[in-house]
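A single structure is presented below for examination.
For reference, chains read A, B, C and D in written order, and residue numbers begin at 1 within each chain.
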Amino acid sequence: MARSWTLQEVGQHNTPSSCWVIISNKVYDVTEFLPDHPGGSKIILKYAGRDATAAYEPIHPKDALQKHLPPQKHLGNLDSSGAKQLQVEQASRRRTQDEIRVEKARAQKRPINQILSLKDMENVAHDVLPYKSWAFYRSASDDEITYNENRRAFSRFFFHPRVLRPISQVDPSTTILGFKSSLPIFVSAASLAKLGHPLGELNITRGAGRMGIIQMVSHYASVSREELVAARVPGQPMFFQLYPDRDRSITQQVVRDVDAMGFNAIFLTVDAPVNSNRERDLRAPFELEEQERLAEEAARGNESDEMPERPEDADNKLVEGELKLVGTSGGLRTTADLDMSWAETIPLLRGATKLPIVLKGIQCVADAVLAVEAGVEGILLSNHGGRQMEYSMPPLEVLYKIRQQRPDVFDKLEVYVDGGALRGTDVLKALCLGARAVGFGRAFHFAQSAYGEAGVVQTIRILQREIILGMRLLGVTSLEQLVPEMVERVDWQPLLGKL
Amino acid sequence: MARSWTLQEVGQHNTPSSCWVIISNKVYDVTEFLPDHPGGSKIILKYAGRDATAAYEPIHPKDALQKHLPPQKHLGNLDSSGAKQLQVEQASRRRTQDEIRVEKARAQKRPINQILSLKDMENVAHDVLPYKSWAFYRSASDDEITYNENRRAFSRFFFHPRVLRPISQVDPSTTILGFKSSLPIFVSAASLAKLGHPLGELNITRGAGRMGIIQMVSHYASVSREELVAARVPGQPMFFQLYPDRDRSITQQVVRDVDAMGFNAIFLTVDAPVNSNRERDLRAPFELEEQERLAEEAARGNESDEMPERPEDADNKLVEGELKLVGTSGGLRTTADLDMSWAETIPLLRGATKLPIVLKGIQCVADAVLAVEAGVEGILLSNHGGRQMEYSMPPLEVLYKIRQQRPDVFDKLEVYVDGGALRGTDVLKALCLGARAVGFGRAFHFAQSAYGEAGVVQTIRILQREIILGMRLLGVTSLEQLVPEMVERVDWQPLLGKL
Amino acid sequence: MARSWTLQEVGQHNTPSSCWVIISNKVYDVTEFLPDHPGGSKIILKYAGRDATAAYEPIHPKDALQKHLPPQKHLGNLDSSGAKQLQVEQASRRRTQDEIRVEKARAQKRPINQILSLKDMENVAHDVLPYKSWAFYRSASDDEITYNENRRAFSRFFFHPRVLRPISQVDPSTTILGFKSSLPIFVSAASLAKLGHPLGELNITRGAGRMGIIQMVSHYASVSREELVAARVPGQPMFFQLYPDRDRSITQQVVRDVDAMGFNAIFLTVDAPVNSNRERDLRAPFELEEQERLAEEAARGNESDEMPERPEDADNKLVEGELKLVGTSGGLRTTADLDMSWAETIPLLRGATKLPIVLKGIQCVADAVLAVEAGVEGILLSNHGGRQMEYSMPPLEVLYKIRQQRPDVFDKLEVYVDGGALRGTDVLKALCLGARAVGFGRAFHFAQSAYGEAGVVQTIRILQREIILGMRLLGVTSLEQLVPEMVERVDWQPLLGKL
Amino acid sequence: MARSWTLQEVGQHNTPSSCWVIISNKVYDVTEFLPDHPGGSKIILKYAGRDATAAYEPIHPKDALQKHLPPQKHLGNLDSSGAKQLQVEQASRRRTQDEIRVEKARAQKRPINQILSLKDMENVAHDVLPYKSWAFYRSASDDEITYNENRRAFSRFFFHPRVLRPISQVDPSTTILGFKSSLPIFVSAASLAKLGHPLGELNITRGAGRMGIIQMVSHYASVSREELVAARVPGQPMFFQLYPDRDRSITQQVVRDVDAMGFNAIFLTVDAPVNSNRERDLRAPFELEEQERLAEEAARGNESDEMPERPEDADNKLVEGELKLVGTSGGLRTTADLDMSWAETIPLLRGATKLPIVLKGIQCVADAVLAVEAGVEGILLSNHGGRQMEYSMPPLEVLYKIRQQRPDVFDKLEVYVDGGALRGTDVLKALCLGARAVGFGRAFHFAQSAYGEAGVVQTIRILQREIILGMRLLGVTSLEQLVPEMVERVDWQPLLGKL
């Protein structure tokens, strides 16, 4: 490991049979690792013999190389002249249109005290995030119908506020799986927070700890579980979102590990055995390419008013084999367990841990009932924020159906929802219908992308203010007073502004 | 009091421990008053040692200083050179973008005879009001869903007009709590009319008196109750909107005072123990700031095409403590009674007055029934014009539910609605369903902002014409002939233009 | 009468006590007629002592002066130098912005063979009509909700077309009140056709005669009844739309006259005892004024970038007395019978004629039942094209309600609908539900405004083609085969383009 | 045939009594054929004595002249100088605005690997197709309400996805009428593919063969049936869409011919005995004309700012006789059987073939039941993609009604739907409700217009990916597991983007 390497030396190992890469001025031999890379070998080979830092960092926890690459493949450092050259290349690289846009937006960013709503926060994130990161966070399946309908579902529930009730003392706190939460909300798992901010999921852990709410950590967090656990304040509970591996021993090991680390519950993801068709994410590279093409056009001036023709090579060619499209997250899930089942998967987890188990991604009444029968501690009504099955019934509508058809479910386990909530009133509606808490996923990614930990705290404070305000105006002082009679599903569709 | 002060002298008292302010060239020592100011000390300290006239006048009745500040704190006049200097400063002050816009709009204002509808009136008000005043009047909670749905609810009710009925003699008059009203409408309370016109609520009192309708005066009128009472025509009834104080003896005193002054009923506000999240109002200062920033940019020309960066100081900082946001009206309500109750509050008022009591802000059938049981004389179905609980059911829908579920309520007390009405047909729909009268709040603020008293009169005349016309075309000649069979709630949503 | 007058002589009679006007180079003394003018004296006095031709001609039948002014008030001709001067003045008059627009639009008008739908026809009319005429024809009450909903109602009815039925021989003809009609449509009355074309209602009479459909002539046609009757082809039936006068002997005389002239039925207007609030029409003068003002601004160039202020005189003045707003048609109705009744009005007509009587403007099931009881021959479900009671239920919905609640009505009298129909499928829907024929009002005004008689014929041909096509695709060959089972009211609202 | 002709010689035969045309440099005498031309003689006479190649080729199969014109009317070749002159004329012809637009769009066309959805494909087709071809493919009846509602109907059905089910092995294959299909989709017939691509329907045959799905060939394919049959891969099934001729012996002969050629089923078109009013198609010539007119205007510069007036000749002329409007496909259908019936038409076909018979264009439950009684093998719920009866109930709604009212229909015959489907989820919804397969018509025309055979393959691959993905996320591994309980018709209307 004492050796250092020149760029030329590294550059010679640029084939599948000998593949080295540079990450943060360190040299690694990943040849034997290629077939095991969860994201496939192709993406690594793109950087064979070259610097891969920019592509690697935002999507891998710091400990990924330690964990997955044996010590002897850590070949040592890039030499200082190589490091310098990389630095110069990076500095002199022509910035893309998108980078220029982001830089301006960051300079013009509103002060955080002007952020009054979660939508404000999302707008800032939209402005300051690189387009590709934005597209990954924001994207949803197909035509984003479910994404939009998740939100619109909330708008069809109106309140019957009660008046002349003492409301000076309001307590919005609750417990989730027995763990104290200052508000009836939690952070729902979302992956790759470092695409938005260098500290990534750490921002969320710290903000959640500071404000007393619970974070569900993504299986595919870009910060290592160890780091996140270490960043907790004393007594801060933390949940783990599990994607089972097709190698079930790995699944069990992961569960055992997170149990040992101090996580407090397992949220088993059941709505995403495979990734769906997230077109906004898939299109991002084309959009950026087109942006550069148009900028070049404009730069060349109006010398000729004919647009140059596109190269025809990729055109009109028959697609061979099944169509495989993978976006930003595509590589994460290559070893997913496609054969989960009620009979096997829950016992598998029970065999590895005594932690409470929650099913994340229940989408109909029938499965809610099966979950009761399977004896899990909770269900999260969710369609993955509209990122999985397009035209999956909005979670709030599923909640409402359970309330109407099988209200006994609420007595047997805890029911949560996520997807579409943006306001304190949304949380209160769900609670009236029987939910114990409401999860927010994208909201926290947007918040930490825009303002780091401060953004996370501001998001929670906004919800806190809105929840307390809403409780008062509904005439309730504790969450148990929120009852089904206080909401009504109306038979018209309110107009929303931009969703 | 004979003494006069220089600007320099006043300027030295610019701290919490010695705080003087100038208002209309008079000097006041408000140091000891700071903790008692309903709007908080912060807003006063902003003007410590300086002229506060422009900020003070539009939101305080003329007698506020007399009432709240002991005589010895009225220190005397500003000297003439100080007064002159303030005048010069005021005159030479660079006008803001918003001031420039308003001035142009006022010069271009349409003659009042071109105002054919309440929407026309609102449009003029929108154009001629300073943005901050507009934002305060027009704002509603959160995403303004309830504000919009209040209006849209009216559009779902259609008529079954009757033909071949004699309609030459039409009488649209009624009584409200036994007091004669020329039309089945009244002015619903809204605060701070001086933000729109120097004569403020006086315009409304005079217009209402001239046209024979009843004004409900806001607890937070910017003209003193004494002045308004004095401006009545003989026999003109007047109602008082009450916000109870947490010090219940103060509440009783206010009730006794207004009873003694000659007010004819108490409208107890039950939907607003705390103010809601009115973002349009909260954002107004940011919007104006941004407007100035952009104007400066433009003025500097295209010398550099890079936008200067925003100062970063306020940025990324953690918000400490609970999030408190107060808009224009925020300061009004610091001593509100958060613990009103059916058991205590109504008896409290009964103990202070024999005036009829109406509950303003009933939002569901259950509370309408409780109101009957509590023995009040009337209820105003209202959600504060969408300014309080977001997703509160629209008042017209609540009225319809009472008609369907508990029609006996209409026999026990008088039922009024406000929120969303803009046309004579809206009034007639509510009356068909059982309402006795319909309140208009913002409409009168807009009217007096646009054209003073003439605007108020024009608004009433427009409604008068529309109500009489509608009665004739429905085939009725008196309000009692308006029956539930004449309206039908349709199962589709008509398209409205701009709401 | 042999005398001729100079402009100076006429000009001296410019007061209420001596009021002369020039019409088509003839001089009339209208002093004594002033109080009798149905449109009020004010509009005449505007032209006292001057030429009134341009204002008079489009809204009066040719025989109006003969009928209403005694011979001795026909004072003779304007002298030739006066006539010449008027001609010069007219020619040298600066054209308004609207006149310039119309002239261009007429030059660019599409050839009639490109008019494929009634909407196309309306679009041409919109382009080539003076704004004021357009506004009068197109306007509807208040916010034009009913106008729009009349149209949208048709879109909520879908067909269940039947297949494998022989459809080579299709007969779309029917009878209306026993009179043969080549199609199940008729011309519904609308007034003042000369505002759109110099030949006015004559275009419609001729086109209807040529195509074998029946015209209902407006009480307020701008062509005399005699001329229209004379323009019929042999055997062409014609209906008369009646507005009763408050002097019931006049009403009876009108009925006797039209009976004697050869009209074949009386359509008694019951939905319009008073005119409603048609804002588009009322605003037209303000809009045109504003247009001129802006054009003047623009002409003066950018010398000053400050817009001149509006004169303040009309501003801020209190409106005294009841608000009276009259648009283009306002003057027509000053002696309307406001006290029509089931008990008196129908017997009144029966006493004057044996012609069939149809009630025009039935708007609910209850009145349809009363009409049956009153023994009239037919009812026209109509809300006056959205021009009278705003939020009157759309006629097609009323038809549907009769079908559901009182289908026996269809056995007792003929039921027609008008308002909102634009396509052959609209006609077929109404017929499926039980209507005998569908009326088109504005459509024919637009057609004759755009292309005269040819426009009327093209409109009928378009409907003929659409009706026959629709019958074939529904699998029917005669109108009796159109049954309720073929249509279904759906529970969603289809998207329409521009209404 | 050995003779060759000069342009002058051909040019003399330019009348109905002697009409020659040149097609691909060959000379034909079509005088006697004129009355037999399915598209009418008028369109041929437009090219009498001239070259007709450009108009002829895209809408006629190659064998049309061989089939329909006796050998002696094939007069021989155009001489080489004539051929050269035609070539020169073609080359020097000024290109239209539309041709210029298309050329640019083709040069800028996205590579096919960026086409991620059927909507993407449609967008490319829209850009690269001549406007007239686009208008023909895309057009639908009247206001295209049914076209839009077909699509919107799918959006009202939501899923209840099931979780924790093994889904690694998914089989999306099925059979249609006993013939294997790799996916539950098929190509629904649409005519004149050569308007979009020189190889026309061949692209579809080849793409379908490659991917294992079944093509229903249009009666009015622009490629001959023989060529299409010849292009099949071994074992590739193929269906024939039949339009019966009023001469029923011709109908039987066509059926016998296609049976003999190897087609595997007859789809009898029952929803289109006559063509409907497809305005987009009908307007295309006017739109293009207007485009040229405006371009000429612009070219002439701003010398005069007055637009030249349109020629008035066509204007204001009365339309004589019935209105007949024919668009691109109008000529195809002049001998259609308008008198099809349940009693005669199906026995007629049974008498000519033993192939399975499917009724294409069933639009209501009643006719689905009649189809069962008539003993056909299948029904295609379809309204011809919104191109026939406007306001025909959307096929998916008809399917849902059958499921609710007459589920026994699904046991008696196979039910298919087409119209409005664009996504894999659409297919899955229809299958849940009982459909066996879903047809795509325009989608394949757009695909082959944009990218030829590769476009067809890409379209199928996109659907394949979406169907498999959807099955997995619904928790099913074979199509039989798709059951009605998995979908729910919701009572609100989701927002779609551009339809």
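Going forward, a residue touches a chain if its C-beta (ideal position, glycine included) is under 8 Å from a C-beta of that chain, and two chains touch if they have at least 3 such contacts.
Nothing here was measured: the structure is a model prediction, and the numbers come from that model.
The rotation relating chain B to chain C, fitted on Cα atoms, amounts to 90°, rounded to the nearest 5.
Although chain C and chain D share one sequence, what matters here is the overlap of their interface residues, and that overlap falls short of half of the numbers used. Among the remaining chains, the Cα-based centre furthest from that of chain C is the centre of A. The mean-CA centres of chain A and chain B are about 44 angstrom from one another, to the nearest whole unit. In chain C, 491, 493 are the positions where the chain touches two or more neighbouring chains simultaneously. Interface residues of chain D facing chain A in the complex, by the touch rule stated above, are 104, 107-114, 116-117, 155, 157-168, 210, 423, 425, 429, 451-455, 457-458, 461-462, 464-466, 469-470, 472-474, 485, 488, 490-497.
The touching residues of chain C, counted against chain B in their complex, run 142-143, 145, 148-149, 152, 156, 270-271, 273-274, 276-277, 279, 282-283, 286, 306-307, 309-310, 313-319, 322-325, 338-342, 345, 359, 361-367, 370, 383, 388-393, 397, 491, 493, 499.
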